[in-house]
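A quick write-up on the structure given underneath.
Per-chain residue numbering starts at 1, and chain names A, B, C and D are given in the order in which the chains are listed.
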Amino acid sequence: MSTSRTYKRQIPLALTFIVGMIVTFDWFISWDPLQSLTTTLMNYQIVMVAFMMGFAGVNLVYLHSRRIQRSMSENKLYDALLSAVLLACLFIWIIVGVGLGMGSDQYTWLFNTFNQSLSATAYAATLFYLASATYRVLRIRSAETGILLLVGFITICANIPLFKAYFPFLGTIIVWISDGLVKYSYRAITIGVGLGGILMGVRTLLAMETGYLGATEE
Amino acid sequence: MADVIGTWIAALLTIAITSLAWKDQPVSKMANHIYIGVVTANSIVQAWQNIMNVGINKILAGEFLYIIAILLGLLTYTRYSKASFWVYRYPIALVMGIGVGTSMRGLVGGSFLDQIRDSFFQLAVPGDAMTSVNNVIFFVILLSSLSYFLFTIRAFRSETAMKFSLLGRYAMMGAFGYSFANTIATRINQYAGRIAFLLIDWLHIAG
Amino acid sequence: MATKKHFLENIPIGIYFLLIIGAMCYIQIYPLGLPIPVTEMTKATYRTVEGLNEGDIILVDQGYGAGTIASHEPGFVVVFKHAMRKGLKLVICSTSVEGPLLLDSALAKIRPESQGYEYGRDWLHVGYVAGGEPAYAAIIQDFTSTFTMDYEGTSLSGMPLAQELTAPTFEKIAMVYVQSAGGDVCEGWIRQSAVRYDIPMIQQPLEMMVPTILPYFPVNCQGILNGGIGAAEYESFAGLPGEAVKLSDMLSMGGLVVLIFLILGNIGWFIRPKGGS
Amino acid sequence: MELIAGRMLDLVTLIALWVVAIFLIFSKRDIWIRRLPALDFIEESVGRAAEMGQPVLAQGFGSGSSGIQSSIAPQIIAALSVLGHVARICARHGTQVVALMSSESVIPVADEVLRTAYRLEGKLEEFEARKEEMMPWVPNQANKVSAINALRPAAHIIIGAFWHESVQIAEAASAVGAVQIGGTGRLYQIPFFAAICDMNLIGEEIYAVGAYISRTPEMLASIATTDYFKVISFALIILGTLLATMGMSGSLDALFKW
């Protein structure tokens, strides 16, 4: 039991600590072996993370093949069709992209037609949620929201070339806002977040944040 | 011909996804499912190119140490097995260690020391009252915002200190207003790109 | 919540959306071509590029996806064109999986060959790179040990520009240009190149991310392009008009409609009879 | 092998951070932490929802692969601490509490948090009976909005990690008249919460609230460590400003270039 715990838990945790320390000290120490070791480790990281990008695909296959089965048994044919189309797209794209190459005319056509229009619109369409939030929710309810609205109002005006061309003072105000108000209040946040990030690193290397190991048993 | 079909499909998908903002209906659902499938597939295709470029090509060129990288990469898939789930912990432990080390070492300089170094204000600039006043204001904004995030220091709990940090909260609210408005600009810009596509490439109305 | 809403607060949301789309379509068909005032931040970005010498190498993270192409592509095109005017060399990688596939569309607008720019000698494209912050550190430490081939699969050993980037790569790069919709990406590059080696850096985040990059300006990051707005300003300041200038008219109109409805909503809320708490 | 000039201060600061953090974590000192007004607000709004007999909705527990194994884990843990607190109030009043799940890795942990809350109120059987509806699996954004519309919560607790769905869910909940408390460590999403929510927590405040409720020693020690270094930066900025104003910033500049 205890040896299995060593292999399953303690060695990985020790590995995290050692590798983290190597990479950290590479920043401060000029020593060629250390430098080439970290560069190699980082190249390994690129490969490992690339492999992990396949997880999303595996999860989709798992989730949607189950959903097809369930929808078929419940007679929800459209739902089954949706999942089937999703999986078909997944496989066609991977086959064409890996088989014929990403630079091939076929993959370029698929990408330009589907990926580009869908991604671009999916992000852009948030405009409507945002617009409806500005119209229906943004109210001067308190001093805080009042300030938020005032600065927001000035910024929208300043972002519109139409206004900025006719009211040059907007340019001066927006510079004061961005290079002063925003820069320095966000600096306080940056310092806090930065320190928080370092402490998160300390906890991880000291094996106090072990969520990344997955399932808690053992 | 392929271009014309492509433009039509792209235009119809654009409209279908836009309609999602209005109401969830069968057509937009279909577009959404296609979206998830093709986006995931593309990232896998790109990841594959990366594995070739950074890993496999080097092995072919004689750098056999990169076999370890490929093996570690393959081992990540043991997470789908209940019995040998723990093997997955080795590559993820490395990824975690490298990632944490890389960001930690940079955070000290980037988000702590350099931030302090750039915050030494000249409160009285000779012959420039405007800059002096601004510097005093910015100095107060920075310190009050900073004091807002002190949670365990009792000395900062006095009434004056709390009022001072409230000033920081107001300043941050102003900054959020800026951010909010800028987001609207971002989204309008992106939607403008889609409208330009529909009008120029699809309908050939403007140009 | 019990009080009835004033009609100014209750205009059907569909009408509002149609007005936004309608106004933007209208201005696309009948553009105004308004002059674009240039902010100091954009001028600083321009000056950073202008300050480089002929033959200097710029590392570009063309890290945008299709989602933000309208803001980012003009920024990529205009800086590339400016670099060609100055005789700078460009090494392009991408931290977005969609970035490499979007490059062709940008190149069609740049046409490097028209300026005598030769692939492999004056510019280079290595495609997507996974791995986050450690990957940026690896690239900046030793480019040639990380990549073996370019995006098309051609070996880098035959390309003169790639051979210039052997370790220590950071001594050979004169500037880093980061375009991304990810905050971790922008700040990661700042930490691994600007903080560590003091390499000059310009960034084009999205408009909404600018506040988080501002604290690094100008110590670590010498120039920030405010998304699509920044790109439009750069285009007009550098005298290289492109797509962003065209989109800025639509930004005016769309913004105007949003602004009007914001005011209407608040007026409606103020004059609504308030009952109880 | 030598130390690199110009990075000495970085090294000293990093070592100091490690030393202070390790000391505070392992010395098991009792660390005092400020109670944030947001916590009162949470209790008040959940209490009101309970009195009215309307459900409370909580979300922000990661998304897809960004779960408890990713870099946003601290945010999720803070969110779960708040969820535990809210669930206890709800269990006491017999009000429905719903936590939307979108990351598989979080489900077992959230299950444990809710179970503990109900057990402490002596209503474990109630949890077992209604577990499914308490933790619905809602992976994508459009479904989150429809979940809000279907449930019509009186209180909407959006503390945790959020991506671009933040505007949509906050807007949707505001349309059904929910009282909202928002907070996230993901900086780009804070402005939307600041604009829409009735009460909002800025960035790190969510960790402070989480630690106040859960009293985890590592978390309290981490917050205390960052606080000390914030005080140091506070002092350095004042000192530097005084020196710069008097035109004598040379020595401090030298320190930063060490």
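The rule is simple: a residue touches a chain if its C-beta (ideal position, glycine included) is under 8 Å from a C-beta of that chain, and two chains touch if they have at least 3 such contacts.
Since this is a predicted model, take the numbers as computed values, not measurements.
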Relative to chain D, chain with the most remote C-alpha centre: C
Pair sharing more residue contacts (C-beta pairs) when A-C is set against B-D: A-C
Between chain C and chain A, distance of the C-alpha-averaged centres to the nearest whole Å: 17
Centroid spacing, where centroids are CA-atom means, of chain A and chain D in whole angstrom: 18
Where chain A and chain B are represented by their mean Cα positions, the distance between them in whole Å: 5
Per-residue overlap in chain D, given as positions that touch at least 2 other chains: 7, 10, 14, 17, 69, 71, 187-188, 191-192, 194-195, 202-204, 229-230, 233
Where chain A touches two or more other chains at once, by residue number: 23-24, 27-28, 40-43, 45-46, 48-50, 53, 55-56, 102, 111-112, 115-120, 122-124, 126-132, 134, 136, 138, 144-145, 148-149, 152-153, 156, 159, 178, 182-184, 186-187, 189-193, 195, 198, 200, 202, 212-215
Touching two or more other chains - residues of chain C: 17, 67-70, 98, 100-101, 129-130, 132, 134, 137, 146, 151, 153, 196, 207-208, 210-212, 215, 229, 251, 254-255, 258
Contact set on chain A toward chain D in their complex: 24, 27-31, 34, 55-56, 59, 123, 126, 129-130, 132-133, 136-138, 141, 144-145, 148-149, 152, 189, 191-193, 195-196, 198-200, 202-203, 206, 208-209, 211-216
Of chain B, residues touching chain A in the complex: 2, 5-7, 9-11, 13-14, 17-18, 20-22, 26, 29-31, 33-51, 54-55, 65-66, 68-70, 72-74, 76-77, 79-80, 85-86, 88-108, 110-112, 115-116, 119, 134, 137-138, 141-142, 145-146, 148-149, 168-185, 187-188, 190-191, 193-194, 197
Contact set on chain D toward chain B in their complex: 7, 9-10, 13-14, 17, 31-34, 36, 69, 71, 140, 142, 146, 188, 190-192, 194-195, 202-205, 208, 220, 223-224, 227, 229-231, 233-234, 236-238, 240-241, 243-245, 249, 252-253, 256
In the complex, chain B residues that touch chain D: 20, 24, 32, 36, 92, 99, 104-105, 108-109, 112-113, 115-117, 119-124, 139, 142-143, 146-154, 157, 169, 172-173, 176-177, 179-180, 183
Chain A - residues contacting chain C, complex: 23, 27, 35, 38-43, 45-46, 48-50, 53, 101-103, 108, 111-112, 115-120, 122-124, 127-128, 131-132, 134-136, 138-140, 149, 153, 156-157, 159-165, 168, 171, 174-175, 178-179, 182-184, 186-187, 190
